[in-house]
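So that you can tell them apart, the chains are marked A, B, C, D, E and F in the order they are listed, and the count of residues begins at 1 in each.
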Amino acid sequence: MNPYEEKALIISEALPYIQRFSGKTVVVKYGGNAMVNDIMKNAVISDCILLSLVGINTVLVHGGGPEITAMLGKLGKETHFINGLRYTDDETMDIVQMSLAGKVNKDLVTLIARAGGRAVGLCGLDSELICAKKLDDGKNDYGYVGEITSVNTKIIEDNIRAGYIPVIATVAGGDDGHSYNVNADTAAAYIAGALGAEKLILLTDTKGVLSDKDDESTLIPKIATDEIDGYITQGIIVGGMIPKLRCCETAIRKGVHSAHIIDGRVAHSILIEMFTPGGIGTMIDNTL
Amino acid sequence: MNPYEEKALIISEALPYIQRFSGKTVVVKYGGNAMVNDIMKNAVISDCILLSLVGINTVLVHGGGPEITAMLGKLGKETHFINGLRYTDDETMDIVQMSLAGKVNKDLVTLIARAGGRAVGLCGLDSELICAKKLDDGKNDYGYVGEITSVNTKIIEDNIRAGYIPVIATVAGGDDGHSYNVNADTAAAYIAGALGAEKLILLTDTKGVLSDKDDESTLIPKIATDEIDGYITQGIIVGGMIPKLRCCETAIRKGVHSAHIIDGRVAHSILIEMFTPGGIGTMIDNTL
Amino acid sequence: MNPYEEKALIISEALPYIQRFSGKTVVVKYGGNAMVNDIMKNAVISDCILLSLVGINTVLVHGGGPEITAMLGKLGKETHFINGLRYTDDETMDIVQMSLAGKVNKDLVTLIARAGGRAVGLCGLDSELICAKKLDDGKNDYGYVGEITSVNTKIIEDNIRAGYIPVIATVAGGDDGHSYNVNADTAAAYIAGALGAEKLILLTDTKGVLSDKDDESTLIPKIATDEIDGYITQGIIVGGMIPKLRCCETAIRKGVHSAHIIDGRVAHSILIEMFTPGGIGTMIDNTL
Amino acid sequence: MNPYEEKALIISEALPYIQRFSGKTVVVKYGGNAMVNDIMKNAVISDCILLSLVGINTVLVHGGGPEITAMLGKLGKETHFINGLRYTDDETMDIVQMSLAGKVNKDLVTLIARAGGRAVGLCGLDSELICAKKLDDGKNDYGYVGEITSVNTKIIEDNIRAGYIPVIATVAGGDDGHSYNVNADTAAAYIAGALGAEKLILLTDTKGVLSDKDDESTLIPKIATDEIDGYITQGIIVGGMIPKLRCCETAIRKGVHSAHIIDGRVAHSILIEMFTPGGIGTMIDNTL
Amino acid sequence: MNPYEEKALIISEALPYIQRFSGKTVVVKYGGNAMVNDIMKNAVISDCILLSLVGINTVLVHGGGPEITAMLGKLGKETHFINGLRYTDDETMDIVQMSLAGKVNKDLVTLIARAGGRAVGLCGLDSELICAKKLDDGKNDYGYVGEITSVNTKIIEDNIRAGYIPVIATVAGGDDGHSYNVNADTAAAYIAGALGAEKLILLTDTKGVLSDKDDESTLIPKIATDEIDGYITQGIIVGGMIPKLRCCETAIRKGVHSAHIIDGRVAHSILIEMFTPGGIGTMIDNTL
Amino acid sequence: MNPYEEKALIISEALPYIQRFSGKTVVVKYGGNAMVNDIMKNAVISDCILLSLVGINTVLVHGGGPEITAMLGKLGKETHFINGLRYTDDETMDIVQMSLAGKVNKDLVTLIARAGGRAVGLCGLDSELICAKKLDDGKNDYGYVGEITSVNTKIIEDNIRAGYIPVIATVAGGDDGHSYNVNADTAAAYIAGALGAEKLILLTDTKGVLSDKDDESTLIPKIATDEIDGYITQGIIVGGMIPKLRCCETAIRKGVHSAHIIDGRVAHSILIEMFTPGGIGTMIDNTL
């Protein structure tokens, strides 16, 4: 078999997966370090355009911690963290909004356009896409850190119908007219739930959920939502992976069919997850 | 790179080709020996469904010489050929119509359905899709061998719009109410032209157009329509390849962007032609 | 009154019937000897086009026993019947499919086109229109004789909406990928039921249901579904009329408003049934 | 052949005519004495509904001289005629408008509803359907007698598309905001022209155009527009038939395919004209 | 602030009201003396066009007592009243229908067209918009006075969708094919109910509901439907205001959000009611 | 007249203007100091929502010089101007993009949402709305200052059709994948031209074009495009007003009906311009 025949064979093997997902919705959450590497970024962009061309409604949700931190650094603005949440004063919130909705978001949209796709850059403020209220844990004041209260998907759906890939920066609007800083994973989970998505894919910079976080060979390929509490109370899953799993749980509970924590450092990991039998990373769903 | 990463990479490399052809129309002519082998047949079917899923309007046109010959054999019906054309009496025409429109056509439709696609089996008689008159070369009587007079694409377009892959048996209807036996390559060329197709792909059982028909290493990868006469008068292209090239010329003249004579014995040759940089077989177009 | 005034008067008398049925669906089952006579065939075709023009969704379902028998005869292929069902081996099934879907079906489509109508020739294999499984009565092996398991009307409805008269050959597809021979009356009843048709009209070569099958003056003009068992157990209705009545019963049970067993030997019997106060043949419905 | 078979045969003979006119537009002008007889009125209504059900866009235009005259009589209002035109003062115009748009029009609409049709009663004032200016022949003052300046068919087309038979009273609106009395035949001709109608049918109380107006056996079945001047200058066509012929000429010049002056005293004369080979009355078109 | 700045400010203050009512339906009942004054009539027309332009579906329902009375006067026709209802013989009914559907209705449509709006003049006879039966109170014969039995809003909705302001004369059709004289307020209430209107606005020639009918300073600005019985039994509301309140009650019970009895003698009272915080007249709704 | 009656009268006087502009497109350019004042900002927002509710397609284009300057100040980033253009290095371009597309744009969208409107925040990068190349005057290097090469209005039109007010930040995308800083007035003019807008409205912080720039009493209410050169060469129009006039000229040349330079410091100046006879500021159009 010459190389082109092999390539054609491989493309043809994707057919059953394309058939299964065509007409369905996939929400991809992208961020963190996977976003820094240009090659990886172009691979993510390319995957999203490909999904969209084969008839899968693709929504790209992103945060942008590194960009925010860099900008705050340039301004000499110091921020402190409480329970892992960045205390967000008025000026910080401005920087968050500008970085996410003005820089990261529109740069992604530009990349999609340059790769031949058609994208629209939205944030939670557009037509009240993401609404939030001040986070209140009864203990600390986190400033303009918000808790999502509702997601209005109409503007997403209108733009999908008109043929655009919605790229969404996770800045939310409050009832008080102020912008709020919300967790991007959580926002992606809420959006996936509100859209009745087939899949929520969280691109991270690990292989997936590991039973020993320092050993990539300990990947847990499949977790049922009912197992999550056990894994956490037994201390198997720790640290930043806990909120990520909780997001997945939320999405599944809101009706998403499966959630995936996959390795954004691997090129085309979205295609691996969606179009190959092996999949990649950890899948979370309802079934034991 | 593990195998899944490699597969995903290869799939992702198809993106620019999918982008280029999405929303366009491709007419695939399928027949002859490529049709006999079940593995090859399934590959063709799978390719057509894949094209259709990535937004390419795919039309499958077929003849079915071997089926006709087998049926005539069972009936003990002898037929003779005049200038390479089967003399087609009334009874033979019945067998042609039954074999093509009733057997080969509906079997292809069944295969598509079983592979998860949605197809509709048409022939030239449906809503006067292909109209023909008795072939008259001023010398011989070929019986119900027809010459195409017009192609009405409305029923093809209506069924594409409703989401079906049209599979078309090349039986034509005459003004006299009788069915006519028309050449399948020619019918495919007329249909491609009438649809304003991007590509006409003729699946054959050779590598393409060869400058020495007995040596597959002499493939001519690209022929401009203006070169065809030369190739023929110089005796480089001979035999059954001449009418195939004339069909391609006709299609290009009617507005098809490129025509391709490719090797139906290679699995997924349609995908190789459409989604890889190398292509396959011989391409015919307007450009020198 | 001159003849034209009389004709106009008669046409005008059809108005209330056209009003009653406009926008509704009528499934006409056509076959047997009524199909052999060309004048009668043209009258059926003409009636179907007329129904369709006055806004009635008209579906023509047909079998084609005589064509099959003739073809088998030419092949010197002997078939035997078990309980009135033709034992259908692989080769016989091919002949059935070719004759019905390739010959009878496309010839009807041609006749409709020549009469100025627009038809599409489908069979149960197109987009899985009629699905069947091997008939299993626990006693005999009938070969590829099938029992209908489901009917998918989408392709019928799509083509009605696009303005075509669907003409359907009653060949079914099995889960095993093989084609099956199914009873045309039953298929028509299932299709009428799945479409929520107003009427199922079975064109036969008798006057209708007779209380003495040898005396055409004993026509029973109206049978309620609740009376069918009684008629049969009392031996009033016998022979081939029993399965026809059972088909009508099935259709009514699936929601068809009325079923009609009418005389296909009378020209324009469909119009007589639908557009004149007298009607024709035997009507079966829910009401005593 | 029993009577029902004969009726069905006659209905079936209408098929080619229905095919020819389906999707086209017919404007029927109705008025005068044909309107007085209830049986004839019901026949006209029934014909219009039938045309509309077989897919012909049917527009009914009417005047109502007798109703106007009766109303003026009850009021003891005397009117005088100048050159055959009723001098229309303000009060007379009110009576004209009330009689046509309020009485004749809505009564026709009621009759259509009672016969199972769906009609909307419009007049030239609705959304500026018929615009007129004061008739000025440089000699006499005719009061509010108007000359049509334009016809806006949008409201007709919107209501046809929504499934209604537009019934139009020929009262026009002037630029001065006043209503104007316009000739109903002329209005029908303008409307037919503006709609690009296939046919304009003027229902009259004669057999058609006669070469001897006192001898009904002298019907001229066909007049080319180029012959009209000759017929008039030679004195063959005289009196009230002259303006009717001029209306037909106008309609043809504006693009109507044929115009017909037919006998409204014959029941279902519209159907005779449209659906029988003989036709009825006089046809005017472009061809000699 | 210069006058234009003030005007712009005032227009801008209407924004929240326009937002609240945009896409909703308002039925305006217009009649009586408010209809006589040309300035007031133009203001009503202008208000309706404005509502319609800001996206409010506006339906104008009217009676026309004064026009009817004037016409009857001209004819020297005497009518007598029984319990406040005009005894309506055949001839009177003709005058009612002609005056309402032919004169008042079409004049309003003309005024709307002249003011740049697009209106269609309908009455209860058009496509059976308002159906009625003979009023039977078990005591008196009122002739063709009708009681509404049903309202079919399809023709209203079709014309709203096509962009027209429906203007509706309150003449109803009976099962006997005769026209009936129905109360215009009641018709408006039924139409508003059937349309699921947001508001029913009755334009009258008083300030609204007064607790002392001779003292305009005693306006009751708000009445809950539950209070109506009390007001009447206590003799606070008397005379012609009682049926008007009952109409409002009917409309609210059929699902209209609020009903308003307002002063048609005040220019632009509809806009005052809808677009200013003060409102005008008396509002009736469900809330105490 | 009580105050509510006066308000209603004033609203009603806007009717002819609403009628004239309904269904047309208006591009409002907003920026500079008018943007700083919250009351004025809310008035602009409210005007845009009102225009949109009365059926006028409203597009809000904005720059944001003060926000950019403030942000650069915080960063201690010094910028210099060449010929009035800010030299834009890579880091400055980031700040421009973040401030315009991330802050000013999304804050405007939030304000519209809070005022009950539905807006989508776009910039020139979304689906390649505004394309630019590096400004090259043959003399200076301005860094990432761009010159507009094309405007693709599809994403604007898709969002208008879906019911959103497009708010557009004037950041452009280059062929090199870099973002470019373009003049907001020019971008508004190009967008208005590409949309075939009825009006381009530039909100400024002067009364309009003055013949003595220091004397607001010297407003020139109307300038024909043919007069612009004269005014400039005669030194009547000077300074920053010159490029603004050139923008208006460009827009008119591209097919916009009229351009307006109006006073953004006056509340509701957009409504004054559009809905009052006086208008405001300076109108530029084709007519002398």
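We take it that a contact is a pair of C-beta atoms (placed from the backbone, for glycine too) under 8 Å apart; a residue touches a chain by one contact, two chains touch by 3 or more.
On a predicted model such as this, the values are computed, not experimentally measured, just so you know.
Taking the definition of touch as given, a chain qualifies here only if it contacts chain A and chain C alike; those chains are B.
Of all chains, the one whose CA centroid is most distant from that of chain C is F. Remark: chain B and chain D have CA centroids separated by 56 Å (rounded to whole angstrom).
Note on chain placement: the centre of chain A and the centre of chain B lie 45 Å apart, centres being C-alpha means. Chain B and chain E, compared by their mean Cα positions, are separated by 69 Å. Among all residues of chain B, none touch two or more other chains.
Contacts between chains close into a ring here, every chain touching precisely two others. Chain C makes touch with chain B in their complex at residues 71, 74-75, 94, 97-103, 105-107, 109-111, 113-114, 118-123, 125-128, 155, 158-159, 161-164, 171, 173, 177, 179. Taken together, the chain C residues at the contact with chain D in this complex read 4-16, 18-19, 22, 43, 46-47, 49-50, 53-55, 115-116, 266-269, 271-272, 275-276, 278, 280.
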